[in-house]
Amino acid sequence: MIAVLKNGTSEKQLEGLLNWIESLGLTVHLSRGDYQTIVGLVGDTSRVDEDLLRSLDIVESVKRISEPFKSANRKFHPDNSVVKVGDTSVGGDIFAVMAGPCSVESEEQVLEIAKAVKAAGATMLRGGAFKPRTSPYDFQGLKADGIEILLHAKKETGLPIVTEIMNANHLPLFEEVDVIQVGARNMQNFELLKELGRTKKPILLKRGLSATIKEWLMSAEYIMAGGNENIILCERGIRSYDSQYTRNVLDLSAIPVLKELTHLPVIVDPSHATGSARLVKPMALAATACGAHGLMIEVHNNPKAALCDGAQSLTPAQFDEVMKSVNHIREI
Amino acid sequence: MIAVLKNGTSEKQLEGLLNWIESLGLTVHLSRGDYQTIVGLVGDTSRVDEDLLRSLDIVESVKRISEPFKSANRKFHPDNSVVKVGDTSVGGDIFAVMAGPCSVESEEQVLEIAKAVKAAGATMLRGGAFKPRTSPYDFQGLKADGIEILLHAKKETGLPIVTEIMNANHLPLFEEVDVIQVGARNMQNFELLKELGRTKKPILLKRGLSATIKEWLMSAEYIMAGGNENIILCERGIRSYDSQYTRNVLDLSAIPVLKELTHLPVIVDPSHATGSARLVKPMALAATACGAHGLMIEVHNNPKAALCDGAQSLTPAQFDEVMKSVNHIREI
Amino acid sequence: MIAVLKNGTSEKQLEGLLNWIESLGLTVHLSRGDYQTIVGLVGDTSRVDEDLLRSLDIVESVKRISEPFKSANRKFHPDNSVVKVGDTSVGGDIFAVMAGPCSVESEEQVLEIAKAVKAAGATMLRGGAFKPRTSPYDFQGLKADGIEILLHAKKETGLPIVTEIMNANHLPLFEEVDVIQVGARNMQNFELLKELGRTKKPILLKRGLSATIKEWLMSAEYIMAGGNENIILCERGIRSYDSQYTRNVLDLSAIPVLKELTHLPVIVDPSHATGSARLVKPMALAATACGAHGLMIEVHNNPKAALCDGAQSLTPAQFDEVMKSVNHIREI
Amino acid sequence: MIAVLKNGTSEKQLEGLLNWIESLGLTVHLSRGDYQTIVGLVGDTSRVDEDLLRSLDIVESVKRISEPFKSANRKFHPDNSVVKVGDTSVGGDIFAVMAGPCSVESEEQVLEIAKAVKAAGATMLRGGAFKPRTSPYDFQGLKADGIEILLHAKKETGLPIVTEIMNANHLPLFEEVDVIQVGARNMQNFELLKELGRTKKPILLKRGLSATIKEWLMSAEYIMAGGNENIILCERGIRSYDSQYTRNVLDLSAIPVLKELTHLPVIVDPSHATGSARLVKPMALAATACGAHGLMIEVHNNPKAALCDGAQSLTPAQFDEVMKSVNHIREI
């Protein structure tokens, strides 16, 4: 970590700063130029409050050299993490595919889709019971009943289930859920993250609407700091200035970047990223080609009933086709 | 609300759509072109699920003509809302100024600042007891003790207090707090918004890091849908591609836009928006000039102690100077 | 094209508008609701000035139903365009790979790289003779001498050459250049686009730093409106709020979107998009997997000379490895 | 300027780097930590090619401490620059107001508007003769005839004129133009900037659609490097993710930031920034309050003719009202 000091810093102020840094257990490297004095902080700087340092009167700017995340950092954990989920896993040899409906609507719907996606090769069943909706007047999900339906489908098919939590008070309902999803809008709901850190459940942490990669890893760090290291990251598109043809911009270069920065597995959700069923296949293939550990894909069973076919959901047949192409790429 | 249908929509599909729309209590206007068929939905469309409509097989695109927010909409409530806070208010004749430290640190600190900002003309005292921090390793606030300190300062000075909530389970601690703040990262924490809708407390709703104006108003709508109409909006800068010189981009044109769209009062936080004390004064003046109902400004009392002077905090003397200039502009 | 009228529009104003629309050779569909009157414009609306329409006193908003680009529009040209370049082409059966150094530095450098990339399977040689640099004090390229060097390498290897133009007055120097590149910063240099529309040269049109897909296609339309239909689009990353780990965000979903909207071929430049050699391979594979018609990749020959190895350039050996993996994906 | 070296850099590589830096006339400060070696470059680093340094094999990251712009830098020119324009000026005691129609349409139109804005207090007349339009099918301006009309209005009213250039080859037409405007889309048309650097004309340099403040100043530097120091900067809104209610986001905090960084005057164009006449007044007041040296405002004379009233143009009466309020703020 480097702090560039302002011109005109007095010797006394400098001394105060150096003493404070050393009191944090860090070593100081001082470099004095004609125009600038630079203070290097050497040691474990992940616990230095960067904002506090920057806020000092005599500091012009601060630059981290090493990353502020520690538990998630590949430097300290060189091997890939494998998150065990029932009999399957994410981040190991298995390519994880979580498929299912956006919202849980009924037992028949979920069971039919679960069987279809299992047959096509999905490794987990996804479905929303608690739904975050921009408008308070939109459908908010079947809630506890939705989780019951998912658990029934899990029993019938053996597929582990993935579903979203919106409130830490609901945790008792998630006891038999295999993977708990944190949605994009809650990526920086730090109170929720802390609670999830106290469980041992695998957590699927979606990237926030306009989160930086660093902020995303710091949110993983919140959960890990509590003792839960079972984190799966999920890229789902970021906000951009152009939303005419896709809802978000799928940031696929985040995949190889994350694989350098962290040992945590990372999957891709092309359905939410693009908002368009036609784009799911090409983006699923691209995500596979650039090294994602898995995919999350929306599948719906009722393409003919006009009122239910989500614009971004695939039919089971389309999903089967995507899986075949994904497997071709995987073989390489 | 307009739905543009895809080419090749059959008469039967069209009939199904029209029946569904009418079942929602809406009237249909149909316009058939050579290339496009357009369906107009007339009536109270705020309760129509836009995503559901867009997701229909036969629908190419959907455009709202009227806004999806209702309680917050100026069309239905032409008069400005005035939110009463103790003996003062926001949105009426009084120009609201909430000033105080970023974080509550000690009783002495808060009391000294409270007296100073009151003398300079602040109408409320702000201070953070629960602090949302990007890193789990950074200072998280004094929590319940911090609220006690604020309440003490309220008692001493008579200034109503504003402080942030991060978890609905903490609500009992906020019973004597005058204005509950929802931070940018929780703007779409819908579960928290719903809980706040069940109280009658004035809520200061900060704009999300990259929230659209519409999403922001929909979050206000979440609180209002629960019965709490005491909402104060607070613009605090939005994320942009250029963060070299300012932390965010202060979106001041949102002020006159909001004054057209909604009857709710809107204030501006130039401290968090810019992250730089030097920019607080010009941006406070600009906010006043373009019609904001008030300001939220960080003030700290200890500019000489190098380790405490927040880069974005004003000294009491600087704050006094800002208040004088703001009042000059207000007089016009 | 739809215009939503403001409430309070008089019959006389409406009549004036309808007459004007009909004077443009378009048909009008009128839909009157209780709250809104909607005017549909039917016919060839690509030549309607959308801003002018929106600017009318009585118009609340305007929405295009059909796209404003015509020559580039796949609706009117359903078959893929194939741009012939010497003995090769872009957009047909051949997967186009343009490889070479960022800047032309010397004859030896260019010739050595040209031979290496040809051996690895590149179909064209790229290299910058005129360099757009953010700072006037940075190296601006070898200019005319650089083009001479590229032409020499073309003669030696048979590879067609691609190089950037920054000034229409330089066109005489580009007479033997095979593909003229328009850089991101000139994507809306309309005067340059018009001049290139008067030539018959293949044009590689890079996406602007923060251009929407529609703006990009409108820039292609500028060239095509002049009579030159030999356009190759090149996605090279867009500006986002997060540039810590990649220079830009590579917008790969633009590839399948463009393949729906236009018949023009589109290639991907992973080198400029990411700014990091380590990310070139995964993103080249992803681009191939989602359907790009080709790639543009920076290759440099001097990895051992510390001062010349561009952070985003591959060595010839790395490029060869990328080509092998790309070809594996192509085979599927 | 600081370069952080990669771990594993050999002594020989380090020595090569240090020799190279010293060959540029700079001094080196070396700081070796356990984890990181940091090289400080001391001296005039504005001519160091940052990309080249970053691209070195052994360099992990580069950070500029001092700004890369020199002629525009306030550090080296502490006093405000005043750009003389005819009998008036920008950046001195006079508050510059450039007003007039978006496009020059006819002699009568321009003359009527010119007289009206002069009476209301405008100091210059603006009007577009060459119009950059996103679509090749939209009106491209009256070109040379448009300039003739502006010069006629100048003669009649004495107001200096401001008009946009799109092509350096048109420079002979601009001989009697007082201020040459470079539009947002040409802010990084470096060839045009270089040509303008060879003239002595005052240049109004608009900020690019998504230009950083640093890029904008570097574009000013391009003109100044050629010898023309008569630059006026113009903030006109930047691209954001939310364009539902305003075309761009007016970045007013750029005004006080620029006043710290550069001695060049900076004005604000609220008309293009917001795209809405109703927002021009509040944003003009805000711009004045935060210290802009002037305004550029669109005024049109024909509000009753429905087909000509630009959504973002004021009537002369509205402009007069804006000027009165702006002057009230200026008096403080």
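Every chain is named by a letter (A, B, C and D) in the order it is written, and numbering of its residues begins at 1.
The definition used in the following text is that a residue touches a chain if its C-beta (ideal position, glycine included) is under 8 Å from a C-beta of that chain, and two chains touch if they have at least 3 such contacts.
Since the model is a prediction, treat every value here as computed from it, not as a measurement.
Taking only C-alpha atoms, you rotate subunit B by 180 degrees to land it on subunit D; that is to the nearest 5.
Farthest from subunit D in terms of Cα centroid separation is A.
Centre-to-centre separation of subunit A and subunit C, using mean CA positions: 32 Å. Separating the CA-averaged centres of subunit B and subunit C is a span of 40 Å.
Taking the mean of the C-alpha atoms as each chain's centre, subunit C and subunit D sit 26 Å apart. Annotation for subunit A: residues 210, 239-241 touch two or more other chains. Contacts from subunit C toward subunit B in the complex involve residues 2, 4, 27, 29-36, 38, 40, 42, 60-61, 63, 65-66, 210, 239-241, 243. The touching residues of subunit A, when paired with subunit B in their complex, are 13, 16-17, 20, 46-47, 49-52, 54-58, 68-69, 132-139, 166-169, 185-186, 188-191, 194, 208-210, 215, 218, 221-222, 225, 239, 303, 306-307, 309-313.
Of all residues in subunit D, only 210, 212-214, 238, 240-242, 244-246, 249-253, 255-257, 260-261, 273-274, 278-279, 282-283, 285-291, 325, 328-329, 332 touch subunit B in the complex they form.
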